[in-house]
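Okay, so subunit A shows up in both of these, paired with subunit B first and subunit C after.
Showing the complex of A and B:
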């Protein structure tokens, strides 16, 4: 396999394949894939149902290095069955996360206290619609396994969610994405629970018009999530930009990194509920009402602004913690 | 709606083999395929092809497309594994070319 690391740094994160993202996020030449296409571990369920197979089952997992950090990478491929998690790719994901935790425990045994510049990192690049319905129970189990591991990661393994590929992070993957310490996105990132089409199908077009793309993006898109504080860093659309953001944060003490967590303690739950309460109080009908509440006088222009202008002028929800 | 499995073996006249040990290209999205080329020294001058496809009834087209590609490029000494989700012949040929390029070309 030939991939040129230097070229990948300037490549669009949005357009890159899962393998390119995984390869380009860690230091040059350090990525080692687990269960790659040559191992041909395909989904046994899709085979029975007559659905197309893929040798890596739509996920790329492996380990690499960022500076001195052993870095465990999970990268989902949204073009294969919507990136949805099933038994095989779910197991690949959760076992890679488990390896990160085991690495931390082993290092702790060796060093006593794991040094900040050597602690293992975990990076997950989301591109998934949630659970693969063909193997739903197995998929759901894998989701809960990942959530549990993320809970155990607290104060041990820094955990980065990257969101900026074609599908985004939807369904149960939306939960998993938000359980990280740091959420990084580009302008194409989308995070949600129920996708637009499903909301329209279940509650009706008056509730959510799935054909209104502007509505979708200002409700679930990264810019809105950035203003509301769900996305911690909004960056430019290159693999290198995502990598640099992680490199900047990697050496910080665990306490500083986990300051941006969104879930995982009663205090954070309260903080999240404050936003819900506020939306009800000001009778927000649209994300724009909330943007305005947080001090943006030009909510209509925000989605259209060029990236640099947006970042320099936007006002965000202040975090209580 | 079962998957169709096809197996072929072709021997091109002007046999060449891949530079790298293996090469992988493509994602099995709708209308696309993935190609995995793996060098196999025991296949002297032949290419073994294994295709899994969702489409029924195009066995002859597959045979023609792949055999012509192998005859033209001389690709041999490899196991070719293809997963297909209803790709057209043009896409198949393009992905095969990319797989060879990803594997460092032919020698």
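Showing the complex of A and C:
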């Protein structure tokens, strides 16, 4: 399939394939894929279990440029086995992160201090349910590899999480996603640890009715996450909108980019714990209880408001830092 | 021998059996005092191992969380994650003026069935809780504290990811003592993947990649060492502490932690294709490197 970069900018991020997202997010013509479909590096485990194979194992990874920044991209394909991660696609993801960090270290050797306008960036476009059960143990291990690298990224490699594809960022990918410096989402983005079906199965329908679409959106959806501060930028649904948000932030000093971090320090532990305590104190049983607490008098209307109206009127949890 | 569930649901007993007699002081780490009301099932504190001061992190399955109904039986919920993280930072603070060789070890006794699958957890962000604990463990490791995970019971999915998998070294009791290491049981994998259970059970014999059990995880490099006899746990932990400390003093960080377990896995014949993928990617990367650094 031929991709025209200019067309990709206006394309719906939600409907785009992993490869379209990867190509469109970086500067025109700069994306170089690692282990592309031609390499036919398929999962050895899905084959044995009789599943259909994809030559890229459901993930597109590589490096391009945004202005002068080498930009490492991981783009997950939710349409293939739920975007879930196993041995091969997991290694593609975690090793791409490792190469981003290595590029930072090499640049530091070369320049002494890495110039703000040249520092490597990392973008992960999430579309995954987490661990691929067919190769669950390998999937578990790759998540820890990602977490160690995201830890190492701090104050070095700006780390952008993009949420707005079909599956969301669920399971262990949910917490990998939240470990970034900046979380960007469109209205379709969803972030969670335990998906609706699993909650219903494990705890019961009185805890979570997985057939209630509205409940799913207001619990895990981007609007709620934006109000509660987990999503930093809620943007329109085009690849170009995601790209522009990153372009806007890319040249800033690392310190400024990491101001929106959601975790990774004793201070943020205390900030997050305050919200946990608040939820217990007001016996929050629905996200609307917290939306209201943070000053929204119209919680029933918020999910339905047109995007522009929502953005201009919504009240968000004030961040402590 | 019949399977024994030696420490399943008995994290407190594991502390008693592994640490010196009566040495565990709950909710105290150095000069810090942790809130006993917060996350009652999250057992953190100081103890000694043959006289050496260590921080201990475990789960007490008998103490449900009164504020979160899904948190019981050793489940790690949001409060539990943040309390564990506080324990890491208290440990770092307690030894901040000590040289690398004297940083106190952290021992994670692992028996947890999972992170809490609840609605309020999803609203507020179970994701941030578990990631916060993981980053705190990394902070402790980077400050020089040897972190040893000891699987005594259940090491399940996301809860194992936050509580154990990032340790410098992971040790485990064999399955015959009731240890459970997996994302989900093979029966559930069969339901979700729609692959017949008989077929999965057949495949498990030759492929450790989705099999449930510490021995399979060992083959993949996910566990560094099996401790065959529970009586040997204390000595195995102590030996690993001194090995980790030595490697860290020698600057051999690359022989510790999760990435090194990838190397260990390859040596044991597990995750072979991962290595192929990485090798090929490195070659592609190196060709691009000059223009990336330009």
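One rule holds in what follows: the second predicted complex is superposed on the first by the 320 of 321 C-alpha atoms of A that agree within 3 Å, B and C clash if a C-alpha of one lies under 4 Å from a C-alpha of the other, contacts with A are read in each partner's own complex, and residues count from 1 in each chain.
Simple rule for what comes next: a contact is a pair of C-beta atoms (placed from the backbone, for glycine too) under 8 Å apart; a residue touches a chain by one contact, two chains touch by 3 or more.
All values reported here derive from a predicted model rather than from experimental measurement.
Ranking subunit B and subunit C by residues of subunit A touched puts C first. By the touch criterion defined above, A:230 lies against subunit C but remains apart from subunit B after alignment on the C-alpha atoms of chain A. In the superposed model, A:241 makes contact with neither subunit B nor subunit C. When the two complexes are overlaid on their common chain A, residue A:252 makes contact with neither subunit B nor subunit C. Of the two partner chains, subunit C is the only one touched by A:143; subunit B is not.
In the superposed pair of complexes, A:134 makes contact with subunit C only, with no contact to subunit B. Within the superposed three-chain model, A:55 lies in touch with subunit B and out of touch with subunit C [touch as defined at top]. Touch criterion met: A:37 reaches subunit B, while subunit C stays clear of it. Shared-chain residue A:47: touches subunit B; no touch with subunit C.
Touch criterion not met for A:311: it reaches neither subunit B nor subunit C.
Comparing the two complexes, residues 49-50 of subunit A contact subunit B in one case and subunit C in the other. Only residues 1-2, 17, 36-38, 40, 47, 49-55, 77, 79-80 of subunit A touch subunit B when the two sit together in their complex. Residues of subunit A that touch subunit C in their complex: 32, 34-35, 39, 41, 43-45, 48-50, 61, 63, 70, 86-88, 90-92, 95-96, 98-99, 103, 106-107, 110, 120, 131, 133-141, 143-145, 147-148, 151, 171-172, 174-179, 191-194, 198-199, 202-203, 207-208, 219-220, 224, 228, 230, 262-264, 266, 268-269, 272-273, 275-276, 279-280, 284-287, 290.
Subunit C contributes residues 67-68, 70, 78-79, 82, 85-86, 89, 115, 117-132, 134-136, 138, 157-158, 160-162, 165-166, 182-184, 189, 192-193, 195, 199, 203, 207-211, 216-217, 220-222, 257-259, 261-262, 265, 271, 273-274, 276-278, 280-282, 284-285, 288-289, 292-293 to its touches with subunit A in the complex. Against subunit A, in their complex, subunit B makes its touches with residues 1-3, 20, 22-24, 27-29, 32, 34, 36, 38, 52-54, 81, 83-86, 102-104.
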